Every structure is written in structure tokens, then in C-alpha cells.
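Input: structures, listed below.
Same chain, two partners: chain A is paired with chain B first, then with chain C.
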Partner chain A sequence: MVHSVLPEAMSLASTAQAGFTVIFTGDNFTRLLVGLWTSISIAGLALIIGIPLGVILGALRTLPNPVLRVVLRIYLECFRILPTLVVLFLAYYILPAEFNVQVSGPTVAVVAFGLWVSAEISDIVRGALVSVSDHQVDAGKALGMSGLQLLRYVRLPQSINLMIPATINLATRVIKTTSLLLLISVIDVVTVGQQIMESNRMSHPDAAFWVYGFIFLLYFIVCWPLSKLAQMLEHRAKERNNG
Partner chain B sequence: MFTIKKAFAAALAVVTLASIAACGSSSSSQGGQQGDSVAQIKKSGTIRIATFGDLPPYGYVKNDGTRAGYDIALGTQMAKDLGVKIQWVQVNADGRVDSLKSNKVDMVLANFTVTDERKQVIDFASPYMKVSVGVVSPKKATITSAAQLNGKSLAVNKGTTAEAFFTEKYPDVQLQKFDSKTQQFQAFKDGRVAALADDNTYLYAWAKDNPTFTVGIKQLGDESTIAPAIRKGNTDLLKWTNDEIKKLTADGFFVKAYESELAPSFTSDIKPDDVIIK
Partner chain C sequence: MADATTTDATTTPNTGNRTTDTPLLSVQHLRKSYGDHEVLTDVSFDVPQGKVVVLLGPSGSGKSTLIRCLNGLETIQSGSIVFDGTNIGQASEKQWRSLRSTIGMVFQSYDLFPNLTVADNIRLGPVKVQKRAKDEVEQQMDTLLKDVQLSDYKNAYPRELSGGQKQRIAIVRALAMNPKLMLFDEVTASLDPEMVREVLELMLRLAKRHMTMIVVTHELEFAKRVADTVLFLENGVILERGSAKDFFTNPKTDRARRFLDSMSPVSAE
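The block that comes next holds the complex of A and B.
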């Protein structure tokens, strides 16, 4: 019994090891990191553009102007309903074919993701701002604060800890959605992983397990500190508000 | 008191700059609606070619990060004869037509099978390879005829001839469509589908690496050809490519490329004449 099981277990162990080595063969490790950097820089730029824009749109949506509300609501629903895949495809392939406007893949990605982020953030910000109780706002008004001052000194400080978890959640979603980018010929970390699996298919048939496992680890290393950061910020905001 | 206003102004500036940057890069298109002529490509010093990055032995990326394969060898030779550099643009199967239509690339060398449907939207140059749809299945449950697949699930890659063939000819087969080669073969190996349909030349190579599987159906439907694809109406580049393929065939380039790129990956029963065109 032992004799028949042992060689099989050993051969399994040796192929597993062989699969893992693929990540460190040639320039593969660097290539995966370069792919990861592509994902992070595109997600990062999209967030840098999208968050301030979203905050402005969110604040505007709390104003009692019905036309503005409808327009911004349509903007939000468009980007929330349309899959990011469709937005990328339209901007990268259809726009140039119909209007002869050429935009590079990374630019399309940053703009499309940035608009998506701004739409989602606008709803997060609006929801948080309206959650501040009316008597707080009235107290501010009684002190003679202007609309912007009310936003800066009353509404934002009291609602920011409501915005943080949803914003970080969105940030991690944006980072993960960069795996769609091969559609517009941008080589992200998942595409590099597939290149590695396929070119080593003959020598390392089990490479898929290890390469995907490694990509999982990379995404985790990027997204986990974000979750920690969210926890920290939320904690600090609560402390400041209560104490 | 005006810090919020300043912050808003700064945010607006960022967005404006980004949109200006987006518009700025639009001037890089010189080709107009027809695509770049040979003279324009020579002038720019670069030919943009769409290819696969996950399809050995046709187009793949080696561990040192450089591209290799049969399609890559052809593209490299063409760029050499044009006297220009190559910019490889990696695409998925369903991005090949659109990358040409939107003038993202000058040419597609991505195992691209010539079909009447595709000919309506893009132009094909002279073919450089022969191919048919084949079906690979596990040796212990080999599928030997398409009728056997009725009611069973079959993996195909979106935008391939295999997908079109089964959709049209065998509507009772349950197609599971995947975005990439990697995904469809993973699903097949995991046993989520009974069989997988793709170009037979590609399946021969895959079956060699995976000896528990066999190409049970070697040829379905008519034999088709694989050719470089060019943007519709770009007659200048089309003519140059046709002349180039004629010249390379006469020089024996394709036989050499077959020996160096394809032969090592195929099972020994496949002969050069099964794949290349003379």
C-alpha cells in the first residue's frame, strides 16, 4: 500500500515544484510586476481623476436644483448600468472607426475608469452628505455659514467616515477590473500570466495553478493595505467626531 | 474660507488636463479612413501588427518577454523587407476585426482564417497556411463525429471559425464560449465540457502536449486558409503583402518557418503540406 502511494505522491510534488519555477524563469517575475504596475497605475490615475470629480458631482446632487439632479442622476445610472467592458470597447474601437478619433489604450482605460469612479463616488458622497441630520445644518446656518462653509465645516466632517469604506471598496474593484484591459490591447498582470502559462504549456502543464496563485497574491498585497487604510481612516474619523 | 473653492478648481483643472491629453493623442492617426499606405508606413518607420500572445506555436511570448511563433516569424520578415520596425499589438480573437476597422493596427497576423463573412468588412491578402475546424476530446470518451455532440457541451473561443461553424451547422450542440484560448483549454481540462473545437492545426499541437486527449475529428466542413488581414480599402498595403507572400513562397521562407516554428510542436503524423501552401 505504502509502496504504491509513495511514488505517486513524490511525482506530484515534483511537478508542483516545476510549475512554481515558471514564475522565476527568464524575465517572468519582472514581467508580472510590470503588468501589475500597469494595472495599478491605470487604476490609480482613474481614482485620482474620478474621486475629486465624483465629490463635486455628489455635492452638486444635494442642491435643490431639479434639472441638475436629473442630469447627474442619468450620468450616474449610465455608468452604473453599462458594463465597463462595453465602455472600453466603445471608446477604443467604435469611436475611432466612426469618428476617426484615435486614443491610446491606456488613455481610454484611465478616462473610462475615471468616469465610472466619478459616477459611483457621486452617489457615495450624496448619500453620506444627506445623512447629516438637519439640525446640524440648521445650527450652521444660524451661525451665518455659507453653503460652501456648511459643506466644509458641518457636512463633510460628519459624513466622511461613511464615505471611506465604500470608496476603498470601489478602489479595490477598479484595481481588479483592470483584468479586462487586454480587450483594448493593454497588457495587464493577468494577460502576462496567460502569456507565461501558454508559452510554458509543454514543459509545465500545471503552470496555470501557480501563475494564477501568484497573481492572487499580488492582488492581495495591493488591496489588503487599502482595506487596512480604510479601517484606520474610519477609526480616526470616528475618534475626531466623538472626542 | 476659500480652500474648498480652490480644491474644486484644482480638481476641475485635473479633469480638463486629462481630457486635453486624451484629445492630444488623437492627432497620431495619419491614415485616414483607408489605413496607412506602404509609403506612410515606411515614413513613420513602424508597422503595427495585431497578433496573439497566448497561442503557441503561432504567436506567443517567451519567458524572456520576446514574441515568437509562426505568425511572428512572418511579421518579422515582412518588417525587415519593408525596412521598418514592428509594433506588436496583442489582441484576443474577437478583437482582430475591430482593431483593423478602427485603424489601431495596419495588419493582423493572428492565425486569422479567411471567411466570406469577414471578407465583407476587412481584406485578406494571399493565404500562408491551410486549416479546418477540428474537435479534440478525452481519449476515454472520444468524440468522432459532430452528431455525437448533440446535447453535449462544447468549448469554443469567441470570434473563431469553430464558433461560427457550430452555431450555423449544429445548433443543438451546447456551446460554451470563452474569451481566450487559455480559458477554453482550462475549462476543457477541468472537465466542464465534453469536447473542444478549434483550428485543427492548433489542436494537433495541443494534443501532443496533452497525451490523454486526442483530435477525434480532424476535419469538419471545408478546408479554409489563414491569411494576413488588412483594413478594407487599403489596396496599397494589400498589393504589397500579396507580392511579399509570393516572393517568400518562392524563396522557401514558409518551409523554413514551418521547420523551425511548427514542426517541433506537432505530432509526427503531420506533414508540411498539411499546413503550408506551396
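The block that comes next holds the complex of A and C.
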């Protein structure tokens, strides 16, 4: 066994060396970070646009108007059923061709992701808002509150604890999904990674493992704290509800 | 306190002296049903200014539904509710909103807002809904809290209070809106026995100060002391009405007699 493991370990060490070289040669490392920044800023902008829109849509979905409910439900289901990739392709290839408008990849991505986020947030917000007990709502009504005041002073404050962990989880999903941006020619971290592999195909044919491994690490560094934070908040919300 | 529905007694001589003659609230032929199921049938009664009306009756008799109809938390099918000179039986949700500022309600489950301190619970209605001056509200709150001996709990959260304390704060929260009428929906029903007294004593004090009140309760001793008028409901119909004294000492209907018997303390035989 020892005989067969040793050479393999040695060759792994030498490829690790190669991988290290590939990632840190020239400005490769900086380029990867810039790519990562592109991914994160697109995800961030999508969240900044999508969350307020989603809160409004979610609040509207708690109204008794049946038409509004159905329309907004369909909106949500569209984004649930369609793979995000299809949404991106629709926005990037088909819409500009049909409507004759030129939009940059990152803009398309922010809009498409933003709409997706708003749909998901609307469901998180609606679910949390309706979980507030009727008694609490009656108490607010008995004080003469309007629908908006009920939302502002009773429903939102009492359900925000439920919304935050789900929203953070959604944020990590959005960040991960930015890896699809490669397919609409946005220079995101995965695109940069592929460019690096391309240019090293001859000298380091096994660079892929290390480059992707490194990208994995980058995504992990960004998403793991968020995921932990969501877990922590969820735990705290549960404790509060019991207390 | 800009309230379009309020009519000043002094400016409407046709109705005479409202404060003594005209009831503050007059319910006529009220009907309420959920689908085919009628829960209140032809209910009529008056609540004179400064008086206390107690609704008694077995569970499911429609007492709570009735009291909820009186501040628009339930809509009614037909009949009229004349409050302070205005028929509000078919008021829109928007009209109810301004009416509820003048009709206070306290619930069985207290329903203080758990995320707000005692003081913020009390401030919310007067400041955000009625848009009254903060200083004035603050003064009123201090007076009310002192009155219920809970001044020390101003910055406490509801979860830090006992049931009885919570319910007294809920009453203060309603009183801070300066209501003309107070509705109490089984406010001691979910309290531990030793907490009931402090809440009932507060309500007795309010009655003595001539607060107009409608009270749904199962506390017969309390009802006897506080009620000017007792209404006995069963299956959504007022079976019997009269002064507290008459009702408790000499009920007219068999059903009321049986109800009183069933509620009387257990005797060892």
C-alpha cells in the first residue's frame, strides 16, 4: 500500500504546487477577486432592489382582494417553476432581440435576479405576516389603526424575526446562483476562473481542480458566515417565541 | 380628537338633553349570522350614559360576538347600532376606524403587543392613531399607571408581567384613548384566580367614576355588584333583562334560574 500511495501523494503535491502557481501568477489572483466582487455586487444590487419590492408584494398578498392574490401568486410561481438560467436567457437573449434594446449583461442579471428575489421575498413576507395572531390584529384594530398602521406597528414588528433568517438564506442562494452569469457573458468569478484555465491549458492541464477548488473556497468564505448568521437568528427567534 | 361622528348635545336641542335621556348606545333588531347559522337574533338593548350593562349567558350564547359587533370587529346583517347619536350599524371599515378611538375594548387574552414596553403599548394609540401631543399623552399615562399601581412597570415588557398586571395595562391602554364607551370581553376568563380580583376591582372603580361599560363576564358576584342592567343571552336571543337585583334574586325565566344555579358555588351534600 505504502508503495502505491507515496508516488500519488508526491504527484498531488506537485500539482498543488502547479495549482498554486496558476492562481498566483501575474494578476490572476486579483482578477479572481474582481470576478468575485462582480458576483457579489450583482447579488447585492439584486437584493437591494428585490427586497423592498418583495416586502410590498408580500404585504399586498395579505389583502383580501382575490385578483391581486392570484396575480401575485402566479408571479411567484413563475420564478419558482422557471429555472433561473431560463430567466437569465430570456432576459439576455430573447427580450433585447424582440424589443430591440441593448442591455449589458450585469444590468440584465441585476434585473432578472432582482425580480426573482422580489418573488421569493414576497412569499417569505406573506407567510410571516399571516402568522401574526388574529388577536394581535384585533387589538390593533380596537385602537383604531388603519391597515397600514396595523402593518407598521403590529404585523411587521412581530414577524420580522421570522423573515430575517429566510431572507439571509435567500441571499446565499442568490450569491451562489451568480455562477450562472458566466452563461450571459458577465465576467464573474467563474468566468475568470475559466479564462485562467484556458490560458494555462498547455502548461498546467490539471489547473481546473485547483482553480475550481479556489473558487469553491471563495464562495464558502462569503456564504458560510451568512448561513451561520441565519441559523443563529433562527435559533434566537425560536427561543423568543417560546419565552 | 377630531371626530366627525360626534354630535355635541348642546348644539342639537331637538334631541333634548342627551346625557341623561338619550342612551349613549342603542342597539335595535341586530342580526348576525355566519353563513346560514344565525348567532344573534333580533337583539335590542340600550346602554345609558354612565351605566354598566353586563351580558351573561352560557358559552356559545353569542355574548362575545355581540360585543365584537359593537366596535366593528364583526359585521352585522341587519339592525341598527346608534352610538352617540349616529347610526353606525352599517359603518364602513374606515368609519369604524375613527369610531374605535371612542369605543375602547379589552380582550380575554390581554393582547398587549409583546414587542413593545408597557409605556409604548399605551402610547401607540393616542400618539400614532389619535395624533395627540406627546406631553399630554405622557401625563395621562402617568396618571393612569399610578391609578392601577403599575408606575414601576413603565419600561417592562409584557412578558415580565403577571396575567393580572397585563390585563390592567390592557385596560389602561384602552382608557388612554379617552373612550366614551368601554367593552370588556371576558377579561378575567384566562386569569389565575388570585389575579381576578385586582382586575375586577379596577373595573368597579371605573364604574363608580361613571364610565359607560358593557361587560361580558362569568363572574356572577362581580356582575351583581357592577351591573346596572343585566342581559341574559342564550342562542343569540336576549331571554331576560332587568336590574342586577331582580335578575339575581328573582330570575323570570327557568333558563336563567338554571344558569344561575349551575354557576353557584358547589355545595357539599
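In this text, the second predicted complex is superposed on the first by the 215 of 243 C-alpha atoms of A that agree within 3 Å, B and C clash if a C-alpha of one lies under 4 Å from a C-alpha of the other, contacts with A are read in each partner's own complex, and residues count from 1 in each chain.
Note that in this section a residue touches a chain if its C-beta (ideal position, glycine included) is under 8 Å from a C-beta of that chain, and two chains touch if they have at least 3 such contacts.
Computed from a predicted model, the values in this text were never measured in an experiment.
Q: Examine A:G144 and indicate which partner it touches, taking first as chain B and second as chain C; both and neither are also allowed.
A: A:G144 contacts chain C only, not chain B.
Q: Touch test for A:G213: chain B only (first), chain C only (second), both, or neither?
A: A:G213 contacts neither chain B nor chain C.
Q: Which partner does A:P83 contact after superposing on A: first (chain B), second (chain C), both, neither?
A: Neither partner.
Q: Given the touch rule stated above, what does A:V101 touch, chain B (first), chain C (second), both, or neither?
A: The first partner, chain B, only.
Q: So, does A:P225 touch the first partner chain B, the second partner chain C, both, or neither?
A: Touch partners of A:P225: none, neither chain B nor chain C.
Q: Looking at the overlay, does A:P157 come into contact with chain B only (first), chain C only (second), both, or neither?
A: Touch partner of A:P157: chain C, not chain B.
Q: Who contacts more of chain A, chain B or chain C?
A: B
Q: Can A:S199 be said to touch chain B (first), chain C (second), both, or neither?
A: After superposing on A, A:S199 lies in contact with chain B but is clear of chain C.
Q: What residues on chain A does chain C touch that chain B touches too?
A: Looking at chain A, the two contact sets intersect at 149.
Q: Tell me, which parts of chain A touch chain C in their complex?
A: 135-136, 138-146, 149, 153-154, 157-158, 243
Q: Taking the complex as given, what residues does chain A use to touch chain B?
A: Interface residues on chain A, with respect to chain B: 22, 25-28, 30-31, 48-49, 52-53, 55-56, 89, 92-97, 100-104, 107, 110-111, 114, 148-149, 151-152, 182-183, 185, 187, 191, 194-202, 205, 208.
Q: Considering the complex alone, what residue numbers of chain C touch chain A?
A: Touch residues, chain C against chain A: 71-73, 97-101, 104-105, 107, 109, 111-116, 124-125, 128-130, 159, 173-174, 177.
Q: In their shared complex, at which residues does chain B touch chain A?
A: 1, 3-5, 7-8, 10-12, 14-15, 18-19, 21-22, 25-26, 28-29, 32-33, 50, 53-56, 60-65, 68, 89-92, 95, 98-99, 101-104, 180-182, 186, 206, 209-210, 265
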